[in-house]
Amino acid sequence: MPNTFGHLFRITTWGESHGGGIGVVVDGCPPRLPLAVDEIQRELDRRRPGQSRLTTQRKESDRVEILSGILDGFTLGTPILLWVRNEDARPEAYEEMREIFRPSHADYTYQAKYGIRSWMGGGRASARETVGRVAGGAVAGQFLRRAFPSLKVVAYVSEIYGFLAPEATALLDETLVEANPLRWPDPDTLSEAIALVEDARKAGDSVGGVVTCRVQGMPAGLGEPVFDKLDADLAKAMLSIPAAKGFELGSGFAGTRLRGSQHNDPFYSEGGRIRTRTNRSGGIQGGISNGEEIFFRVALKPVATIALPQETVTEKGEPAILRARGRHDPCVLPRAVPIVEAMTRLVLADHALRQKAIGWEFRP
Amino acid sequence: MPNTFGHLFRITTWGESHGGGIGVVVDGCPPRLPLAVDEIQRELDRRRPGQSRLTTQRKESDRVEILSGILDGFTLGTPILLWVRNEDARPEAYEEMREIFRPSHADYTYQAKYGIRSWMGGGRASARETVGRVAGGAVAGQFLRRAFPSLKVVAYVSEIYGFLAPEATALLDETLVEANPLRWPDPDTLSEAIALVEDARKAGDSVGGVVTCRVQGMPAGLGEPVFDKLDADLAKAMLSIPAAKGFELGSGFAGTRLRGSQHNDPFYSEGGRIRTRTNRSGGIQGGISNGEEIFFRVALKPVATIALPQETVTEKGEPAILRARGRHDPCVLPRAVPIVEAMTRLVLADHALRQKAIGWEFRP
Amino acid sequence: MPNTFGHLFRITTWGESHGGGIGVVVDGCPPRLPLAVDEIQRELDRRRPGQSRLTTQRKESDRVEILSGILDGFTLGTPILLWVRNEDARPEAYEEMREIFRPSHADYTYQAKYGIRSWMGGGRASARETVGRVAGGAVAGQFLRRAFPSLKVVAYVSEIYGFLAPEATALLDETLVEANPLRWPDPDTLSEAIALVEDARKAGDSVGGVVTCRVQGMPAGLGEPVFDKLDADLAKAMLSIPAAKGFELGSGFAGTRLRGSQHNDPFYSEGGRIRTRTNRSGGIQGGISNGEEIFFRVALKPVATIALPQETVTEKGEPAILRARGRHDPCVLPRAVPIVEAMTRLVLADHALRQKAIGWEFRP
Amino acid sequence: MPNTFGHLFRITTWGESHGGGIGVVVDGCPPRLPLAVDEIQRELDRRRPGQSRLTTQRKESDRVEILSGILDGFTLGTPILLWVRNEDARPEAYEEMREIFRPSHADYTYQAKYGIRSWMGGGRASARETVGRVAGGAVAGQFLRRAFPSLKVVAYVSEIYGFLAPEATALLDETLVEANPLRWPDPDTLSEAIALVEDARKAGDSVGGVVTCRVQGMPAGLGEPVFDKLDADLAKAMLSIPAAKGFELGSGFAGTRLRGSQHNDPFYSEGGRIRTRTNRSGGIQGGISNGEEIFFRVALKPVATIALPQETVTEKGEPAILRARGRHDPCVLPRAVPIVEAMTRLVLADHALRQKAIGWEFRP
């Protein structure tokens, strides 16, 4: 199911970077859910390019249109079609990509796989494909908020070009994150972090970093025990995001340098609820949520498109030098934040439905 | 599909740690494939406990039985049922787990999810569940070897309790890895690495580490472009392994500290084949294999079961001290190696079939 | 997967009868396939209402738009979004349905399932939902024609209100079928058949009947042996069509009145190809095609919407008399023909890909 | 997913007619369900051959073994492995099938599909494959009985070799059905019906017929609106049963000979519940249950294996005469009854879980 994600709450995305438009079918959303279109639009606006100098200057108004699945502001339980038109496509800016493979892009691998490719702007491999994910994730988010009123999903840029943000406090303050163009959680180090992106941009180069995502208010019991572990599905969701190269839950790679006695999370009881004193597990144990904060980190490589000349080859294998002209981000991180959140919400909504499906009471 | 993995080449595992047995249904394996049972057994032997002092002393002969799907040594194209009996189950050794939640195990989360659990040995959350994966992966491996004769999949322990193995040479020498109980790739540092595990064992403690997996000889074009990216499916496969906490492909988290100009892999042409000069992509670009070596790292936390006393609670939430008595591994890493390889082979076999399915030639 | 059909070649339909539009995502279509949009349009035109007095007078131009998945007339291997806008929606014509359940429609069951419904024109339960199926089936048809050049899929109305068409000759002459508004295969009895529909229309009533579908030129070996039998998937496909009440393959229900010795199809050899002398199997044995003509019949009940007054209840359960005013077909059969063909093609395309996926050659 | 059935409540069957055994993995069954093994055994006994002269004399004790998924008589929510060993396999009885294709069996089509086949007893195409279905259906049945206490699923032979049983009364009396070897619902016509089978048996021939299935006590709202209609899934389930050639719901093929005004089921209100005065819909409208009795008919062709000599060909296409010697049923109908019930229960259980998954309450 190459373009479908989720088992019960599922999205199918479609659309190339350049073409009629790009969108998503959301299938499996429960009926009678009040659905606010402006909230979907708000999420798309957060993902939209051209928000600051830190990101690509491509202009897309990205106005979402809903063609099905809602009536008088409520979901019908039927497929919801959300899409935006492609507007500011300037294929001539991509003319040099017609026959040249851009290094560390998907041009060559698409050609190897399909024997044909939409060379303008990367086709499906464009970050523009994530429009459908963000729209679908916004629907999932509205479902989750109604189903689990205390749930919060907040992502932010926690590391940029090797520079780490001070560890975030327990409190998730998304307004702080949204208040700056880098979606950086710490005002004190913000200018330093932005400077790293600016330097790269001026040099015609790009930088990578890490996005951290934190989920609070999710009850225990979500996730499947073997293959569809909640963390396994999150890992897949995150690695499916363009430019993602790594995922770690809780203590992650650093946790491998501890002993079991240092790493285990002791249980205790608090107000009738079983909790853990530490949370190196990252809120998931044996693939199933334990009610603590779920948190994980996603590694995002530096954007592949840079202004600097690069060695490459043509489709025929002849040596070539690429000098990219398209409009691109020096740093994909801030725009990745709403995408990480959207994919997280889709995973949580799917597992919420799956868990509900088996919740029957039997008398012995 | 909680217990099924794969879309076309798929396995469904079943069985608790303690019960009649544990096994797998392999569905979708192409017909007419010569299938050697002793090779499946060999993989199970590699996974089996009791191989050295480094791993649990639980004795399981783990003799694989095949009940269906083959005739005269060839696959029929029908489901292959592989299983092993549970033999050395001593539930009394787990008696204390009946009412006590073991820290950083899945006891509590299973209870939260299902309201019931097989408390003996962890049920499905036991590492024993991986018997089915390894058996299924061995079938996938035999398929891959016939389909792609130059394919090699080799995993090894590359880091233990923070101690890194020297970077492996280009050549994958699995005999070197198999020659020592730690599955450590470097003879010179082997004793130092083993000492770290021994120290933990003597202290009644455990250590974690990293398994690296490398795939050579896979053609370009495998993987789906959006959600079922080859690396996304590998990430899910790896995070579904018990104790896994992280995954990184190619440059991974370290690559986020580079600029695009440093990170991109330049293309060049070699003998009519398009290749990359560096391989920070880890052999996958845009979710699709590019023909270079696929390599990734998997973080595995220290084993949760330790001999040291631990703070925890009972099912009723009362404070308790756990003093585990079951037989367990001070270090899960060496036994994780064949599991990582098995899951890798399952992902590759599945994507090989998926790619074949769309390989039609049309004349314009 | 309520709105998705197919495993490898798959469609996801979306859209209500009244709303922004109605359409389909076709996912899994092989790349590099020449795709003629006018052929998709032609199939939609065949399904379109208002073609004659025999069918509803609702006017829909049903111009198909393609938003993704093709470049310069070739498929990219990525999702193909096809849709048509809803134009001639007159919700006021459905005002009486707002609170009244129409007998033998899906109004009540949708309400029971979802607790909400798009009461205008039946929402997803409207025959208009089949626009997406026909568009998707037209893509499948173009794939099949290239993959199996001698393939022919032809459906026609073989029985109307109990009046049977003379048994069709071996030759499938679709022009004959298309030449009349009833899609009746026999010119001699055509006027008699049409009169049955006309009589019902004048009486404000409706009639049902049977559509026969015949597939020639499909090679042996398609279909899965157990649950996804080719005939099982065809049965599901047909019963998923609005108003369908029955399916029979080959000898069908009549074949149950024969003995085995009368029913079995003897094998013989013809020009190196194994064939059957009779074809009571309907071209499928053990769920797998045998290379003979595949043929089956689909029972379609009389259209539920009639002009005659009917006893029913309101949403609150109060007695009511329904006098429908919407524009509807006195006989759904002719418009069902292209839908039956579309669903048939979707099943065949899916199984063609599935069979290709396992077609590997191994040397012993 | 060739050997898997169901979306949430799902079974995967495995095993050839001759080999180590035959069985099923039941995945997705809710946890904490009391599961009686003897009830599973009882269903298998009903399916078992050798119950009377009407069916094959092959002796199989078919003792079910459970290897996983239950603890102390309750389901764990994990996969349940059920299987029976193959005992009375006499492959020599099938020696003549090694190179000869049996008419109207799956020998030829399996060979065409896979290029290899388990020639002994038909492999997966054997009716023995249904052991897994019946075992899985028995689990589904125990779930349904707890979830919907008033639910009843009863199938019976309603037509044999063209001879119809008198229309059954409203009351489903399964003891009446089970009291005779034909599973015939009417004592008065029983001997006449049995004589038809006996005559065929003595003539070395076989007969077909129709099984009717009736479901009472299912609430309204089950089923999906488009492709996974409840009747579409039932049709697939039934056509996946060996020898099935047709399916009709409610009025079925006969209903096509009525006008809409005669066919529609008027609604009325009874004790606060909305009901229909007639039930030509067969309990399903628009793919969703309406709370009335669900009933359908399944056409089963005469058994293909007969003692009479038959014209056929060898694998090489040479003419041959088949004189079958294996032990087979002169009439598959009575043994099909528990299989029809099992598949029905699997469909209902799956849709019950699917419906539960979307049942969320939101305040506006």
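Order of writing sets the labels: A, B, C and D. Residues in every chain begin at 1.
Simple rule for what comes next: a contact is a pair of C-beta atoms (placed from the backbone, for glycine too) under 8 Å apart; a residue touches a chain by one contact, two chains touch by 3 or more.
These numbers come from a predicted model, not from an experiment.
Student: Comparing centres built from CA atoms, which chain ends up most distant from chain B?
Tutor: The chain lying farthest from chain B is C.
Student: Rotation angle for the CA superposition of chain B on chain D, to the nearest 5°?
Tutor: Copies differ by a rotation of 180 degrees.
Student: Provide the C-alpha centroid distance between chain B and chain D, rounded to the nearest whole angstrom.
Tutor: So the centre of chain B lies 39 Å away from the centre of chain D.
Student: Quick one: report the Å distance separating chain A from chain B, using the average Cα coordinate of each chain.
Tutor: From the centre of chain A to the centre of chain B is 26 Å.
Student: What whole-Å value do you get for the distance between chain B and chain C if each is reduced to the mean of its CA atoms?
Tutor: Distance between chain centres: 45 Å.
Student: Hunt down the residues of chain B that sit against at least two other chains at once, touch-wise.
Tutor: 1-4, 13, 28, 31-32, 74, 77-78, 113, 124, 225, 354
Student: Which part of chain B faces chain A closely enough to touch in the complex?
Tutor: Going by the criterion above, the answer is residues 1-5, 7, 13, 101, 103-106, 108-110, 112-113, 124-125, 129, 159, 161-162, 200, 203, 205-210, 220-229, 231-240, 242, 245-253, 255-269, 272, 274, 276-277, 280-282, 284-291, 297, 299-306, 308, 310-313, 317-319, 354-355.
Student: Inside the complex, what are the residues of chain B that reach chain D?
Tutor: 1-4, 10, 12-16, 19-23, 25, 27-28, 31-32, 65-69, 71, 74-81, 83, 113-118, 123-124
Student: Help me check something: in the complex, which residues belonging to chain B touch chain C?
Tutor: 8, 28, 30-34, 74, 77-78, 143, 146-147, 225, 353-354, 356-364
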